[in-house]
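Structures are listed in the sections that come next.
In the two complexes below, chain A is the common chain; its partner is chain B in one and chain C in the other.
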Partner chain A sequence: MSAVSVKRSTLIGFLGPSIFALLAIGIVPLLYAVWTSLHYFNLTKLKNVEFIGIENYATVLTDSVFWQAMGRTFTLLGIALPIQIALGLGIALLLHQPGLSFLKTLTRLSLVLPMATTYAVVGLLGQVMFNIKYGVINQLLGFVGIEPVNWIGDPTNAFALIIFWDIWQWTPFVALVLLAGLTTVPAEIEEAAKLETKRWYTVLRYVQLPFLIPGLTAVLILRTADTLKLFDMVFTLTRGGPGASTELISLMIQRVGFRAFDQGLASAQAIILLIITIILSQLYIRLLYKEVG
Partner chain B sequence: MKINRAMPGTHNRMGMQILLLLLIITFCVFPFYWMVTTSLKTQLLALKSPPVWLFEPTFQNYTEVLTKDGVAKTLINSLIVAVSTTMLAITLGCPAAYALARFEFRGKRDLWFWFITNRMVSPIVLALPFFLIVRKIGLLDTHLVLILIYLTFNLPIVIWICTDQFRSVPFELNEAAMLEGASPFRIFRSICLPLAMPGVAVSAIFSFIFSWNELMYALVLTRNSAKTAPAMAVSFMEGYNLPYGKIMATSTLIVIPVIIFSLIASKQLVRGLTMGAVK
Partner chain C sequence: MKLSASLHSVAAAAAIWCLGTTTASAWTLEEAAKPYAGTTVDVVFLLRPGYEAAEAMLPEFENATGIKVNIIKHPYENALGEQVRDFVAGGDLDIALIDLVWIGNFAENDWIEPISKFTSNPDLADPELDIDDFFPLVLNAFGGWNDEVYGLPFDNYSGLLFYNECMLKDAGFDGPPETWSDLKDKYGPALTKDGKYAYALQSKRNETQSADSFARVLWPFGGSFLDENFKSNLMSAESQAGLKFRQDLMQYMPEGIVSYDHAEAVNALAQGDIALLTEWSAFYSTLKSPDTSQIVDCLKIAPEPTGPAGRKPALGGFSMAVAKQADDKEQAAAWLFIQWVTSKANAMEYLERGGVPARQSVYQEPGVAEKYDFVPALVESWQDGVPEFRPRFAEWPEITEIVQEWGTKIMLGEVSTEEGAQELGSRMEAVLEKAGYYDGKKPLAQ
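Entry: the complex of A and B
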């Protein structure tokens, strides 16, 4: 038992301010979004705001553009995440090997760089490095005899580019999470297992994997949430284009709300996104976080 | 280990390891190298095709963006917003984290779950109504708006990391202080908070980094006077002849403080990014 019961006033004193703050900045705007979503609400025609019931929701649910954006978001997650886990696991296992400690410390520090980079800057860097004419990537590809590739202007390539930068930025995260997991394996158990078998994947599967599960679950949850939120990097790299080829869900809602000015429809889209997010995080979080108390 | 070293092929394996490690380092660091070198090129040089690797560096881009284009002001805006929201998040979040770690009350689990859900919500969901509300009450383009809305992600971070930290403070200290007749606030303020400082510091660093890096809210809620540095970097992207050197100089200025902070906190980085789910 490491918790005590306290007076109601004490409880309110400790918790009240942050609950009030999150209510005021989180819940009140949300209720306003629900109100907006039930109206025809266009920023350019504010005189014509009128109640239209669930029409915006009906539009969203049958709107192929919305579901395509959702599909692209999950396609990105479905391609990038397995690659991040595979590469991340490889890097973690490599760093977990004994020896070469200086070089490994250096590697660990450089793994911090991609994660820390401002997401918007990643997109800008992408523009500079992958420019068809001035970009260094096409120059490097030229050295091995590959013709210049139109990275940003071609729909498929642009999507591949988004995947590439997502992998660049988040593989280090997966690697460090899994490395942290590997260090929790008791050294005696690991050494005993290595005496038993020479095959590294047997050790991985039966000895190390159980210790990696919490980390892997965390990665799964956070990457899902962050992909649903992903905006900055794609906005600065492609603005969702060419066409709608890289328009992920948050870019699409931003376009409808702030570039097409249809706040009513955008709010309905946002509410549906929120519901999907809450269902997913309910599912996920219960798997992962240990309960308070 | 000694047996391993004597085995044939060990040299090859060692060489292979070194090669792989160098590859990983290059992969992580190269974009930075390219960002910094591009920021030191003149526009003429930056638009050379194929790109130039060796050249005489110039700080022209930095002096220009800082003095002429107003990047200095946006960096100050970013700093004001990030520091204020971090301080506010710590002030509000620490007592809440302490209550979650130490007090027994009904609905604790639900409250905690609600805090977690805030981490998952996409900013676009709040950006739309926040924009409309803020526009109505005339607070568009102010520091205050960003400071407040950044609490939606900073407060959960502070609460999670600090709850964990408070739980690791020995409970016997609480008991001893209670026997002495100390009030709950006194125990929190004078005994537990000082001992939880490492966690508080880590959550402050994270809160600062996330706020400093944020783009979408800044894009939607600011225009000129409260514009942050990432929003400024994006506004260079308009038009046909992109000023690559200037964009990369601004980017470098944005990224450097974050890198420094992250390297300082690199030991706790995993814990912070996973919200304490992985130690």
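Entry: the complex of A and C
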């Protein structure tokens, strides 16, 4: 079968706008960030802009504060993501059971709510709900005789709090993606498997899981990228504190770039973060798709 | 011929003198603003009482001049970033709102005009401007840099000791603590009980940590950020004494004090949860209003306690300066607004609406000290203040980030006061070295 020839003007007409948009909002700013990262570029000292090669990168890579922030970000990812997947899978499996269709529809709708809530609003809600003195959470704990907990002012509790909010907001997303994956399992295969074994785990492992892998890969890539650039919720909830206990990498980049105005250093941090994100995404795709094969 | 020439000279001089006198006596805001009617002036305001007061006064200015003042509101934490981006991009702002620690930055970057450009123009300069009426410390610290005045003080603060007299009386005290050590050793134990705390030191990790918490314990104990050579002074015995004092004092503060910003601290006093609070004078109206405070009848105000080095209260506040990027008409209109809102004539109204003017004359008016009971403490504090309470050079935005991080770590006990001060000092010196203070490229001005 011969390929249909398409006129060049048609190709440009269809692809041009999206290529232009990608260039304007993606590639050009990225190239500018690379250029900035190779310069001493402080917004309040623009008279002193100079090319400094990889000095900003060397500063970032040898800065313990940067790696501590990176460590906190990956700790958040390492704790929140498995919990989101476990809970999301559980919810998806429950919703995949036959019967109670009205309740399931209602549940599916309510699952959208946390995702639809703006990140910054989640942080502000947290400030109010987890306030040590006036927060509703401590009030509820008080009803069962538990002393008020210092949620936001204690470093460990504050970190636990951002993990909690991240799980609250994004478990429904994982659940809905996995539920979509479960609906792609052919009904006859699933029924046959259930006749063969009563163990739900066996059905999950050998029948349903292969169909969940594409969704799971998407979840891993999206949630990893989202967590690495998580900013709004933490900024409005703790602003990275107390101390540096909730200063994730994105907050650190914002602090360096927009509060200390060192755009060169902040750009170098952002480029390194981008490289790490790309490497992780590639790893997910290679490892998981290999398993499917 | 000679006589004729002399007569001509005398006549000309007389005419100029008459003209000058007429111009001076006839100067009115309405006349001065006529060429600029219809001009819009863009300015950043904060979400604080002093700005609400000015906003309420604004219609009077707009009606008199035809100049439109476009207010862009930001919380304090965003105000610097928003303005820096605007000035770097050659944006729309016609007036710079300058925290005293930003003045070096704005002046060195040439973003603002010195006021002499306008005070030397008789068409724009109000003969009643009376620059000497501003508290000298406030004018110098908020609006001055390198012997040049750029901004007029607008939203003016000094640290004051607000206290709940009823709680103090119940605990057997006749008045507030005179010294920081009294606060810790006498008032602390007596007032910290039954879920109430003696004192709160707002210490959230933002400018509050640097200005209201860290610097507040350095100066009264004889410490400072920098020594005379611009090297860190944080390891000195005096600075360490101040920082250790803060650690000891924390036992009498509410749990989680490192997450307290102004709102939380003021609210704690307003709700009767703490007895003493060192806070900016600007929050007087919040604590005195029955809508926002439950301790209106018990509220009293004193100057901040003294330390071994004296009172050295917290000093903060904002000036407004004309932006260089504005065109001539906008600059003139901006100056007229700044001059009007900070004027002697408007100081009383500004005060009555909840602002804190920096005009000495208004506080000498009969009845003011009685009606606004923060006035005597404020006036006293502005005699004892330190302009470099926080260094005002262009590097402060970078340094304050370091102070915020390590200051909070010290409070949380993650590092000792020595470890924290050592780390903070070396990072601070690295910023100053890069800026050129140690190789003579920049004068040691703060």
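Some points to look at:
Just so we're on the same page, the second predicted complex is superposed on the first by the 275 of 293 C-alpha atoms of A that agree within 3 Å, B and C clash if a C-alpha of one lies under 4 Å from a C-alpha of the other, contacts with A are read in each partner's own complex, and residues count from 1 in each chain.
Methods note: contacts are C-beta pairs under 8 Å (C-beta built on N, C-alpha and C of every residue); 3 or more make two chains touch, one makes a residue touch a chain.
What you see is a predicted model, and the numbers here were worked out from it, not measured in a lab.
Of the two partner chains placed around the shared chain by superposition, chain B and chain C are both touched by A:258.
By the touch criterion defined above, A:44 reaches chain C but does not reach chain B. Looking at the shared chain after the overlay, A:189 reaches neither chain B nor chain C.
Looking at the shared chain after the overlay, A:108 reaches chain B, while chain C stays out of its contact range. When chain B and chain C are set side by side, the one touching more residues of chain A is B. Once the two complexes are laid over each other on the shared chain, residue contacts for A:133 go to chain B and to chain C alike.
Judged by the touch definition given at the top, the superposed model places A:61 against neither chain B nor chain C.
For the contact definition in use here, the residues of chain A common to its chain B contact set and its chain C contact set are 133, 258. Considering their complex, residues 80-81, 84-85, 88, 105, 109, 204-206, 254-260, 273, 394, 397-398, 401, 405, 408-409, 411-412, 414, 435 of chain C touch chain A. Against chain B, the residues of chain A that register as touching in their complex are 2-6, 10-11, 13-15, 17-19, 21-22, 25-26, 28-30, 32-33, 36, 91, 94, 97-100, 103-104, 106-122, 124-125, 127-129, 133-136, 138-139, 142, 168, 172-173, 176-177, 180-181, 184, 214-215, 217-219, 222, 225, 228-229, 231-232, 235-236, 249-250, 253-254, 257-258, 263, 266-267, 270-271, 273-274, 277-278, 280-281, 285, 288-289, 291-293. Per the touch definition, chain A reaches chain C in the complex via residues 43-46, 65, 132-133, 150, 152-155, 158, 238-244, 255-256, 258-262. Only residues 1, 14, 17-18, 20-22, 24-25, 27-29, 31-32, 34-35, 38, 46-51, 91-93, 95-96, 98-105, 108-109, 111-133, 148-149, 151-152, 155, 159, 163, 167, 171, 174, 178, 184-185, 188, 209, 212-216, 219-220, 230, 233-234, 237, 242, 244, 247-248, 251, 254-255, 258-259, 261-263, 266, 269-270, 273-275, 277-279 of chain B touch chain A when the two sit together in their complex.
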